[in-house]
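Here come two complexes built around chain A, the first alongside chain B, the second alongside chain C.
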Partner chain A sequence: MSVTHLPNTHYTSLLSAHENNLVGQDVSWLNSLRKKAIEAFSVTGFPTLREEEWRYTNISPIEKKQFAVAEKPGKLDAAFVKAVLLEGCYHLVFVDGFYQAEFSSMDGLSAGVTVSALSEGLSEHESLVKSLLDSTVETPALGFINFNTALFTDGAVISIEENTVLDKPIQLAFISSKEAALKLTNSRNLVLAKASSKASIIETFHSVEESCHHTNVITEVVVEPNANLSHNRLQAESLKAYHIGGVYSRLENNAIFNQSNYTFGANLSRCEIHGTLGEASDCTLNGLYVGQDKQHMDNHTRLNHAQPHAVSNEFYKGVLGDNSRGVFQGRIVVAQDAQKTDAKMNNRNLLLSDRAEVDAKPQLEIYADDVKCAHGVTVGQLDETAIFYLRSRGADKQTAKNMLTFAFANEMIERIDFEPLRMAVLEELLKRFPQAGMKKEWL
Partner chain B sequence: MSASNENLKDMIGQEYKDGFVTDIESESFPPGLNEDVIRALSAKKEEPEFLLEWRLEAYRHWLTMEHPEWSFVEFPKIDFQDISYYSAPKSMDDGPKSLDEVDPELISTYNKLGIPLEEQMRLAGVAVDAVFDSVSVATTFKDKLAEAGVIFCSFSEAVKEHPELIKQYLGTVVSQFDNFYAALNAAVFSDGSFVYIPKGVRCPMELSTYFRINAANTGQFERTLIVADEGSHVSYLEGCTAPMRDENQLHAAVVELVILKDAEIKYSTVQNWYPGDENGLGGIYNFVTKRAECREENAKVSWTQVETGSAITWKYPSVVLKGDNSIGEFYSVALTNNYQQADTGTKMMHIGKNTSSTIISKGISAGHGQNTYRGLVKVGRNAENARNYTQCDSLLMGDQCGAHTFPYIETKHPSATIEHEASTSKISEDQLFYCMQRGISAEDAVSMIVNGFCKEVFKELPMEFAVEAQALLGISLEGSVG
Partner chain C sequence: MLKVENLHVSVEGKEILKGINLEIGAGEVHAIMGPNGSGKSTLSYVLSGREGYDITEGRVLFNGKDLFEMSVEERAWAGVFLAFQYPVEVPGVSNIYFLKAALNGIRKFQGLDELDAMDFISMVKNKMKDLDMDEKFLYRAVNEGFSGGEKKRNEILQMSVLEPTLCLLDETDSGLDIDALQIVAKGVNRLRDPKRSFVLVTHYQRLLDYIKPDYVHVLAHGKVVKSGGPELALELEEKGYAWVDEKIAS
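After this line comes the complex of A and B, so read on.
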C-alpha cells in the first residue's frame, strides 16, 4: 500500500528553467554537478513525513506555496543593513541570494585569508571551490541539498591559510528584501580552515518585512588538522518565512569546531548540523530555539565519530510558547574504530503554553566498546518553588515567570564570547518577550 | 530455489533435531496460509462464529499490510506461506522416554540453573507418569484459584467456557489490525492464556504460564489476555526459565492486559528462547506485541522483562495510561551475545491526568550482538501533570558489538515533566582488577559486575525469577570475556 511520492512538478520545472541562469554557468564541472543534482532531485523530490528523519517536520507548505526563484536582489534601505551588521566584523552582505558589494566591507583583511563571494571570485578561486563544493554533505543526499546544489545563486567562499589567525570574525549577512516575498533563495557557503589556523564566522538571517519567503542555505566546512574554527548562526527571519539550513562539516585530526545555532524566526525552520570527527578532534554544538505563535523549529544534529579520541559536546535548549512546536533530533554515531570517544548530548525544553509541543529524539548508535557516551533530555515547566521564591521577594507572578524563562534561555546566550553577537542574540530574545520587563543591562 | 531461501526454510520450518520426536503428520496442517486454513483451524478448535469472523477480518487486513522495515534488526525475508499454522499438541508418548535421551548440553544447562530433576523432565518434554507430583500440585492450585474466583485457563478453554469475557475484551488493547505481526497473530493464533481477576480479589498466588504451557503446548502464535477488574491485583510470570527449544522458529505472540479501576497487574518475563549457535545460525525470531491499557483511574501496570534468548528480539511492551492517576512501569534487561539482535523498549502513552511512568532499561552487548533501545514517551493534549522518568544504560563487552539508543519524546502539555537519561560504557578495568585481586576469576567478576548493572531491574522480579535470571545472565555471557 505504499504511496509513491512524486516530486513536485513546480520545483522540478524550476530546476530546468534556471539551468542557464546561475553562478558559474560557464564552468563545466559545476554544470555537470548541478545536472547530477537535478536528476537526483527529480527522482526524490522533497522529503516527506514518511521518512524517519522528517517525521516531525512537514514541509508540504513549501511544496504548496510554489515559490518562484528570486532572480535579482531587491532594493534595501541602508539603515536596515546597518542595524543588521555587527560591529567589529568583516561583512559580506547577500540580498535575496545575491552578493551586494556596496554593503560589504573587507578592509584590512590580512594576507593569508581569502574571502569572496562566489559570484565574484569563482574564476579566481575555482580550484578551491571545486575541492570544497559537495565535499562534506553526506550521501544519500537529501532533497533539499540537491535542490540547493542545483539552484544556488551565490554564497561565500572563505579560506584561512595555514598558521593564520583571523583578527575579526567574518559576518555573512543574508537579508531577504521586500521583493523576496513568495520567492525562494538558494545560497551555498564554503569554508576551509587550513592547518593550525583560527577564525570565526557568523551567519545571520533577517527579513526586511514580515513576508513569506523561502531560504535554503547550506554551509560546507572543512577544518584541517589543529585548526580552530568557530561558526555561529543567528536566524531571525520573518515569522512567515520558511527556512531550511544546513551546516555540514568535516573535522580533521586535532581540529576544534565550535558551532552555535540561535533560532528565533521563520514560520517553519529546519537546521541540519552535521559533522564527521577526525582523530582527537573536538566538536561543540550549542543551540537555542525560542518559538512563539505557530512557529515550527526543527533542529537536527548528527555527529559521526569516525576516528578514536574525539570529544563532542552538544547542548540544545528550547523555549516554546503559544502554538509553537519544537523538534530536537540528535544522533551520535560511534564507528567501530572510534575508541576512547567521549560524546555528550543534552537537550532541555521549557513549555510555556498548553498548546505548545516538543518532540525530542536523541539517538546513540555505538559500535565501539571503549567509549563514554551519554545523552539526556528534559521537558518541563518552570519550577514552582523558584517562582515562589521570586514572588516572596515582591515580583509578581508574570515577572517571576519571565525572569526564570530568561535565565533559562540566557544560559545559552552567555556562551557567546563575541560581545556584539551576544548583544544581537539577546536583543532577539528580548524582542520575543516585550512584556517581560527585563532590561538588557540586567543580563 | 535460491540458497538463502533454502536456509530460511531450514530456519523457519525446521523441527528441533535433537531429541524431540514430533512428527505426527496427520495432525499438522501443510504449510501455507489462506482463508481455508483459518476456517479449518477455527473449526478444529471448535470456536464460536464471532471468533472466526474476527480472525478472517484480521487476515484480510493483514493481506493489505506491508512488512515493517524500520527496526534495527536484519534477517532474511520470511515466507509466510512456508509455515505450518497448526500443529497438534505432542502427545506425551512421543517425547523422549527418559532424561538419557535428552541432549546432554541441555541437561548441563539445567543443572547450572539449579532446576530440580522433575522439572528438568517436564521442561525437556520427557513423558512422566503419575509419580510426578507437580501434576497434583497444579490441581491444588486450580482449586485454590477457583475458590478466589480467578479464571486462569488456556485461551481455547476460555473461548468455550467464558465466551462473553473473550468477546468483551479480545482485541480491545491490541486490535486485530494493529500491526503486521499482530494481525497475523490474530488470524492464526493457536492458543494462549486467559486470566480474569474479579473485582476486589487479590490473586492468592503468582500465576505462571509455566504450569500450563506443558499441558497445552502452545505454538508459535500465542495470545495472552489478562483482565484485572476493579481493585484486583495479580502477578503474572511468563516464559521459560530454561532454554526450551521450541521447534518453531518464528514466535509472534500478542499479550493484552486490561486494567480497570484501582487494579494492578505485574507482568514478569524471563525470555530465554534458543538464541542460535555462536555463528548466528538458527534461533528464534521473537516478534511480540505486548500492550497494557490502564483503562480507568488509579490503575497500575508493571512490565519486567529479562531478555537473554532469541536470535532476534523485536518487541515493545507498552502502556496506554488512559485512566487518571494511572501508573506504568517498564523494567528491562536485554542481553545480546554472539550474533543476537535486540530491538526492544517500551511505549508510554500518557492520556489521562496525573499519570506517571518509569522506564529503566539495561542493555548488554557482547560478541557480535546488536542491542537497540527504542522507546516512545508521548504526552497527549489533556495529560495534565504527566510524569516520566527514563533511564537507559548500555554496557558494551567486546569491540564487535553495538549498542544503540533511539528514544522518542513527544510532549503536548506544558505541565509534563519528562526526564530521559542514557549512558553507554564498558566494564572498567578498575572494577575488574578490584575483583580479581580478591581472587575472583575474570568470568565471575564480569558476571558479578553485570548483575550489579542489572540490579535495579532484578529487584523488580519475583524472588525465584530473580535468582534464575542472574544465573541465566552468567550462562549467556559465558565465553564472552576475552
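After this line comes the complex of A and C, so read on.
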C-alpha cells in the first residue's frame, strides 16, 4: 500500500492568493524564484512523520490550524519593544513579519556595513539579495523552505565589507503582536560577511501575548575567507506558538562561524542549523533548549565537511520538564576529500520528570579516511546526592533542584560573551527556574 | 540538645543500628568511635535526614522536637549541620552562591533579613583566611576538582558561615594530612561555644588529639557498647577495636 501525502490545500491556496502582495513583486527574477517555490511546495507540501528527518516531529497541528497570512503589522506598545531590545546593539525590529522603522535604530553604523530591511532596500541592494537568496539552502528545498521563499514578506539584508569590523552586534528582533494570533509570518534574512570582516548578529523572537501564531524564518549566511561571524538566536515566543526556523550557512576557506541557539518558547519548534564547511574553516555550534509543560523542541543540525582541515565543535544541552519533549538530531557528513577533518558533537539532556522525553540521534557519515570525529549523547536526571547536599545546607527542595537545573543550563549560557544577550538568556532561564535571592553579581 | 532514644535503623531490610541511646548537652563535644561497619556513618546520615534509611524503632529529639518529623532543610534551618565524609561535587554552582543561598535560607527561617552582599563577602573571606583557603575557591564550583583536604576545609568553611548549633562531623579526618588536619581542627575549635555541640564520628583517635572531646562512645555492631571520657579514646588506640569485641564477648 502506498500512501501519498497530499499538500494541504489551505496553504497552497495561500501561496497563489498572496503572490502579488509581497516584497519585490515587480522584480522578475524574484518572482520566478517564488513561482518555482510555489510549484515545488504544491507537490511536496509540508514534511510528514514518514520522512526520516521529521520522524520525531509531527507538524500536522500547523496544517490543522490553517493559519492565515499576516498582512500588516499589528500595533505594539513601545515599552514592550524597549524591553526586548538589547543594549549596545543596532536594532532592526520586525512586527508580524514587517519592518518597523520607528522602533529600529542604525545610528552610527560605520562605513563598510550594509544593513537594510528587504522591504526598504531591495532595489538598492538587488544584486546582493539575488546573490544570497536561496544560495545556501539545500536542494531540493524542504517544504518549509519553499513555503518561506514563496511567501516571505520581509527580513534583513546585511553585508560586511572586506576588512571591516562591526563595532556592535546587530539585533534583529521579530515580534508577534496581539493581531498575529492565528496568523503566520514568513521572514528571510540574508547575511554576507566578506573576506576578513568580523561581525555579530543576534536574532530574537518574541510574542506580545500567549497567543497561537506561526513563525517561519530562514537566515542564509555566507562567511567569506578569513571572516569571523557570530550568529545568535534566542527564541522566546509564546508557549502556544509554532516556530519553524533555519540558519543555513556556507563557510569559505578559513572562515570562522560561531552559532548559538537558545530555545525557550513555542508549543512546537523546529530549528535547522546547517553549514557547509570550506577548507580549514572553523564552525562552533552551541545550543540550549529548555522545555516545560507540553512543549516540543526539535533541533536539527547538519554540518557538511566538504573540504579538508576544517574544525567543527558542536555542543547542545537540553532541559526537559513536565510533559515536554526534546529532539536533537545532529548530523555530520565528512566528504571524501575532507581529510584531516576534526569534528566533535556533544548532546546532553536533563530530564526533570518521568513524563519528559528526549530523542537524540547523532549521525556521522564519514567518507574520508584520515579524520577525527567524536560524538556523545547523554540523558540523565538530577543527582539525588547533590540535592540532599544542598538541602542539608538549608536550600529547600525546590530551590535545590532549581539550582542544579540552572547550573546544568548555565554551562551553555556562560559561553555568551556579549553581556546583554547573556543576561537576556539568563532571564528566560530564571523565569522557568526561579531561585530565591539569585542576583546578577553571583553569576 | 540532642537526645537519641533506642534508635533502630534498617537499610533495605538489614538492621544497622540496633538501639542507640545518646544524650548530648549544649556545648559538649562527643566522639563516636567504632570500627568499619559499626553504623557510625548511618547514624550521622539518619540525623541529617538522608533518604534510604528506615527508622524502625525509637526517636530523636532535637531541642525537644522530633527530628524525624523535620525535612532535611528544616533540620538545617533549626541548626543541624553534617560535615560530609565525602563532600558532594556540585558542578555549575559557585561556592559563593551556594553559601549565600544556604545562609539566606537559614536567616529567612530565623526571621532575619538577607545579609548585605558586601558584608557577606568580607565575612566569608575572613573565615577563609582562618582556614587557610585561597579566595579563588569562592568562585569555583562547589567541591569540583577540589583535593580531599580542600573539600574537608570547605565543609568547615560552610559550618563556620552557617553557625549551626549541632555539628555532626563524619570522618572529617579521613584523607587529611597532618597540616590540613591541624587547620581543620583549629577551625572546629574556633567554633566551640557553650551553645554549640559537636558529634565527631571517627575511626581513629588522631582527630581527638586536636579536638578534645568531653565524652567518647564506642559503637560496635549497631550499639553503643562503651561510653567514657577522653581516656577511652586513648585506650582504644592502644588496644584496638578487637578489645571492644572481647569485652562484649565476656
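Going forward, the second predicted complex is superposed on the first by the 435 of 443 C-alpha atoms of A that agree within 3 Å, B and C clash if a C-alpha of one lies under 4 Å from a C-alpha of the other, contacts with A are read in each partner's own complex, and residues count from 1 in each chain.
Just so we're on the same page, a residue touches a chain if its C-beta (ideal position, glycine included) is under 8 Å from a C-beta of that chain, and two chains touch if they have at least 3 such contacts.
The structure presented is a predicted model; accordingly, all values stated were derived computationally and were not measured.
Chemist: Put chain B and chain C onto chain A via the superposition and say whether they clash or fit.
Modeler: In the arrangement built by aligning on chain A, the partners chain C and chain B fit side by side.
Chemist: Please work out whether A:Ser353 is in contact with chain B alone, chain C alone, both, or neither, and reply first, second, both or neither.
Modeler: In the superposition, A:Ser353 contacts chain B only.
Chemist: Contacts for A:Asp396 in the overlay, against chain B (first) and chain C (second): which applies, first, second, both or neither?
Modeler: Second partner only, chain C.
Chemist: According to the stated criteria, A:Phe388 is in contact with first (chain B), second (chain C), both, or neither; which is it?
Modeler: After superposition on chain A, A:Phe388 lies in contact with chain C alone.
Chemist: According to the stated criteria, A:Thr9 is in contact with first (chain B), second (chain C), both, or neither; which is it?
Modeler: neither
Chemist: Please indicate which partner A:Leu404 is in contact with in the superposed arrangement: first for chain B, second for chain C, both, or neither.
Modeler: second
Chemist: Which partner chains sit in contact with A:His375 here, chain B, chain C, both or neither? Use first/second/both/neither.
Modeler: A:His375 contacts chain B only, not chain C.
Chemist: Who does A:Ser123 touch here: chain B (first), chain C (second), both, or neither?
Modeler: After superposition on chain A, A:Ser123 lies in contact with neither partner.
Chemist: Quote the smallest CA-to-CA distance from chain B to chain C in the superposed model, rounded to whole Å.
Modeler: Scanning every C-alpha pair, the shortest chain B to chain C distance is 16 Å.
Chemist: Shared contact residues on chain A, chain B side and chain C side combined as an intersection?
Modeler: No residue of chain A touches both chain B and chain C.
Chemist: Could you pull out which chain A residues touch chain B in their complex?
Modeler: Result: residues 1-2, 52, 336, 339, 349, 351-354, 356-381 of chain A touch chain B.
Chemist: Can you check the complex and tell me which residues of chain B touch chain A?
Modeler: By the definition above, chain B touches chain A via 64-66, 70, 379, 381, 394, 396-426.
Chemist: Can you check the complex and tell me which residues of chain A touch chain C?
Modeler: 383-386, 388-397, 399-400, 403-404, 406-408, 410-411, 435-439, 441-443
Chemist: Report the residues of chain C in contact with chain A in the complex, numbered from low to high.
Modeler: 48-51, 71-73, 75-77, 81-82, 84, 87-94, 96-98, 100-106, 108-109, 114, 117, 141, 158, 162
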